[in-house]
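Listed below are the structures to be examined.
Here chain A shows up in two complexes: once beside chain B, once beside chain C.
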Partner chain A sequence: MKRSSLVALALIGALGPLLVAGPAAAQSPGVTPTEVKIGNTNPYSGPASAYGTIGKALAAYFTKVNAEGGVNGRKIDFVTLDDGYSPPKTVEMVRRLVEQDQVAFVFQTLGTPTNSAIHKYLNQAKVPHLFVATGATKWGDPQHFPWTMGWQPTYQTEGHIYAQYVLRNVPNAKIGILYQNDDYGKDYVKGIKDGLGEAAKKLIALEQSYEVTDPTIDSQIVNLKNSGANVFYNVTIPKFAVQAIKKAHDIGWKPLHLLNNVSASVDVVLRPAGLEASKDLITALYLKDPTDPQWRNDAGMKDWLVFMQKYYPDGNTKDAFNVYAYTVAQGLVHVLKQCGKDLSRENIMRQAASIKDLALPLLLPGIKVNTSPTDFYPIEQEQLAKFDGERWVLFGEVYDAGKK
Partner chain B sequence: MEIFVQQVVSGLATGGIYGSVALALVMIYQATDVVNFAQGEMAMFSTYLAWSMLNAGVPYWAAFFATLAVAFVGGLLIERVVIRPVENAPVLTVVIVCIGLLVIFNSVAGWLYSYIQKPFPSPFPEKPFKIGDVFFGAHDLGALGVTLLVLLFLYVFFRYTTLGLAMRAAAQNPVSSRLCGIRVGWMLALGWGFAALVGAVAGMMIAPIVFLDPNMMSGILIYAFASATLGGFTSPGGAVLGGLIVGVVENLVGTYVRFIGTELKLTVALAMILIVLLVRPSGLFGRATVHRV
Partner chain C sequence: MSRAQGWRRAIAPATIAIACALPFLLSNFRLFQFTQVGIYAIALLGLNILTGYNGQISLGHGAFYALGAYTTAIMIDKWNVAYGWTIPVAGLLCLAVGFLFGIPALRLEGLYLALATFALALAVPQILKYFEHWTGGSQGIVLSKPDPPRGLGLSPDQWLYFVTLGVVVVLFVLGANLLRGRTGRAIVAIRDNPIAAQAMGVNGALYKSLTFGVSAAYTGVAGALSALAIAFVAPDAFNVFLSITFLVGIVIGGLASISGAIFGALFIQFVPNWAQEISKAAPWAIYGIFLIVFMYVMPRGIAGSLRLAWTRLARVGGTGRTG
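Let's look at the complex of A and B:
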């Protein structure tokens, strides 16, 4: 008896301070006067590991922010875990981040299937799920998911832009579509169909899909050419975009070629596919491409290169994902600054939903970040560009999906 | 009609890819009785070595043969260091070790070379040529030619050379072979070496088509298994022919059978594996293996 009561006393002694500290910490978990803890998952291993560089570049950017004194005097503690692009693992990791590591919020978790898996959980737990790294449309739904916010223009928005371009500029359009058979590909297809409206049925000659596991998409390209299409809507990830551009060129198919933004990198896609074959491609852009010579003397791009050399020397300076990460990290730092002293989860969400005309150095000129309590799509502007054999030449005006 | 011919030609081109990897699978199966799941990744890794040499300015054919040599030694070492300790373990253990190798090669390649795909040069002319309305890729034809050459080499090697016969004997009946004075352990190691070499040829022929990245073989390997199963795991010629059949059938079914379309192409390959295993487990050209119990 005596011993067990001693144990009980010792336990109370040990837990006491925790119990007292508990309520204060519960008000804003993950936040101390000197630090704010942020959680993230990225695929550092597995089939999608090409995206892993985003997580590394984010971490590098926060190291830079900390070296420069942090945000409002607080250092950023960025905890990023490997989920291998596997949704069950994402759930496990994010629960760990929220329940064990007690992060203030979750930021830039990568992937559509992976974010879908934690969407409900984070909203039930009322943990901000900020600027997710996917272009699916479902992330901007403040009514049902007030704790989740997207970042980049959605795939559907981009589809709209191409539809408008085709309707205005191609009189007898016959559209051939190649898309990846998953949420990403289908979002893009829905975008162009919605944009074409009534005309969609008449204008779309053939739709061909491919699976990520397919070794080649030659057969699909042959069918698309054979359909007589004079517009090629190419919704493929870089691996297949390279093949599609080359194959279409090789079999002498010269349609108006609309290439999705996902694969618009000059060095990663166009150069391997052949600059000659890539000539006259059209895409929609919102970021500056680090391999595009027109930005060589751009101040923002120069700063980025200095950052890469100093804080992420292993990173690839040709990889647009590193530009993407740099820009979204700047967006977050802007939100944290705007929060001032109050880093409660409610205030973080409130500030994320009140960004006004934020211009960031690596967004294309004229493109601004805007959010409101009813608008959870931070970037909604894109501009069309045509490849001239060396660089993307922007043309037309900046399209704004927010002003529909 | 034109579309039919173009789909067949394009199917033969991709089929040639499947066949060349299937050939490496058959090679190692014949020589060591192991189905090597890491075959594709080993080939991918060899191709990266070739890429590094080419990037450093080594001429194509010098890099090509140097890669073959390195791949051969690499395969040999893998057998000695990794496979040897589990030689007498159950099949499942060997399979798991191979899958471990697969993951290791994939990750190391990503770590060393990044996941951004790279163009890989072809020794054949760039320009496709046209007969009637049908386009033929010069590289596709060349790659198929190389695969057939490798096939011929393997056929002669396994049938007419002492070393080839000794390797087959060592794989099929290690005990008797050892009694005949064959150094079974070394034969198995040589088998891994040759399979890695055949895989390296396949990798260097495939990379110009699908572009080089650490995951370039993951999809192809599944089709290669379908090809090898269809042709027979004991028949190199069958494996190549199996590859061509899979490539063409996949394209034609994807084009002409509405409900399958392009969405179920992979399923076609898997269904082929299943049907062959149910109806004729030794494949079209394989010998039925009989085990005395």
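Let's look at the complex of A and C:
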């Protein structure tokens, strides 16, 4: 009996401080006349901690907003917690944010599996789940999940764009595909296949995949070359994109090379792979790349650099995630402004679903944020760009997946 | 009966009474956290039976936790089985798999077994992604929280807490009976001196495999409950870190101690959160400091130290008995 008795003692000791009930629910939780409380989870630790900079940059941006007087007189209280990219932890942390911290809404929770774990919960609790940080397609479903909204163009959208480009510009195309074997890679492949439609079977010569834990992808590149493909659809994360560009160059394979946006950074991917080898790559963009020299004198980019120096000096000014975070935070501030005095959850969702032609400084020229009660995909435009050995040169029209 | 002994008798039911009162005192969120404590406690007791009592080190119990969770998720999602049935099925399946894994593991001792089980923990997330048709791949499977029976007036969180508490009580009583009887002595004897145990007529191979099976079954049941509590399963939830967390839990709680599983569960549930409250910048450094301090101050785990303290108190009080 001794051990169980000890259990009891310890339980009493441990529970004492926890027995205090949470604050009573207000009319609009998380909103006071001087403050609005926003919840967020990010992987500050664990396998996906490279994304952690997004959470830090968001917090830095809201510090800037507060220093400049807040939004409609209200300061933003941004509560961001570490979930280590583990779905059960995300559930616990988001429940804490909603039930204990009483946030007004949840914003930019990061990751596809992590957001999947809280998708149903937030919709049942009727808490806005705004601008989630994932490129999966399932976040824009207002009919079934009226409280959840995406942000960035989906991977499938991007695949569509490449498909259209190939259909229009490459007669006798034979497409070789290299993709990462997970939901990200498969979404991209589905996108191009859907875009090619009937022709997909005929045009795709070979599909090769790799695991994120593989050391190299050299043999896949050789196989793709040997398949006789003249179009290379490269769906890889930066580490493998560098290898793929180098290897293709080394073995003298010169296909039309379509590189996914995930790896479009000049400094992180193209420079290490070799600028000569990277020449004539094509990608689809929606944000300005902080390492692309063409934006050096861009007003928006300059403001961003000032912001980074002042509010997030530890942040990497070459990291596109920091541009991403800055832009999505501006999108949110726009929604809060549009809400005016009414920060009820219903109104926040209503305003998030009525963004009209919002241009943000670090979106490419011509790309605008648009939502409606039936369109929960805020950014659906991208533009193709070709690498000229130094910078991405935009060409063609801005492609809009929202207009079909 | 000495006064100290009387106290001890009273405290077991008191613990359960307090546990039963919690749902009416705590917010749903806190209750959810305590549900997780209960779930972890089951998993830790399972691992403690194997590592603490039997001396076999496993760095791969996250794999059995995952197997239990996915058994429940797939049965509910694909075949619409009532959730109550999925818990024993998950336990039995893990019992069988654990037993079978225990047979080849007989050839591996100590650190070699630790490595073999570590491989299991590494492999599981990828295996789950491979059988996409069943497991939903990296997207996972979304479930609904079990509804409480009508007429009880409980919230889903309260109901889930009571279900978990019920399973905890049953499994802890079973575990205590198993470990304190003849079987328990055999399990411990194998750890302390395998040759002597064999000489006494203990079938070492059979006992070790069975212990592995029982341990896996406990952890599998915990996994099944976790699938219900989280209402979602995905490979990212069952990485290597989970297995290591379990090992941390039993060592901090107290090796070869039944109550240690509960202390360990409280530790792995709440300490990472406290660490984050203390420092956002380096929560794992704080967690590491907690670990070192605990190990330094309580080298035999929380349960071991409390036992020692209790013994001393009892001696000071003049009862002198420790039974």
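As a working rule, the second predicted complex is superposed on the first by the 378 of 404 C-alpha atoms of A that agree within 3 Å, B and C clash if a C-alpha of one lies under 4 Å from a C-alpha of the other, contacts with A are read in each partner's own complex, and residues count from 1 in each chain.
One rule holds for everything that comes next: a residue touches a chain if its C-beta (ideal position, glycine included) is under 8 Å from a C-beta of that chain, and two chains touch if they have at least 3 such contacts.
Model, not experiment: these values are computed from the prediction.
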Contacts of A:Asp82 with chain B and chain C, given as first, second, both or neither: second
Which of chain B and chain C A:Glu211 touches, first, second, both or neither: both
Chain touching more of chain A, residue-wise (chain B, chain C): C
Which superposed partner A:Asp298 touches (first chain B, second chain C, both, neither): neither
First, second, both or neither for A:Ser45, with chain B first and chain C second: both
Contacts of A:Asn223 with chain B and chain C, given as first, second, both or neither: first
Which of chain B and chain C A:Asp375 touches, first, second, both or neither: neither
Chain B and chain C contact sites that coincide on chain A, given as residue numbers: 45, 47, 181, 211, 213
Residues of chain B that touch chain A when the two form their complex: 2-3, 6-7, 10-11, 13-14, 17-18, 107, 110, 114-119, 128, 130, 135, 137, 209-211, 213-215, 218-220, 222-223, 250-251, 254-255, 261-263, 265-266
List of chain A residues in touch with chain C within their complex: 1-12, 14-15, 18-19, 21-22, 44-47, 81-82, 84-88, 91-92, 95-96, 99-100, 111-114, 116-117, 119-121, 181-183, 211, 213
Touching residues on chain A, where the partner in the complex is chain B: 45, 47, 49-50, 52-53, 181, 208-216, 218-220, 222-223, 226, 238-239, 242-243, 250-252, 268, 271-272, 316, 318-319
Residues of chain C defined as touching chain A within the complex: 5, 7-12, 14-15, 18-19, 22, 25-30, 32-33, 36, 126, 129, 137-140, 142, 144, 226, 230-237, 239, 241, 257-260, 262-263, 266, 270, 276, 280, 283-284, 302-303, 306-307, 310, 322-323
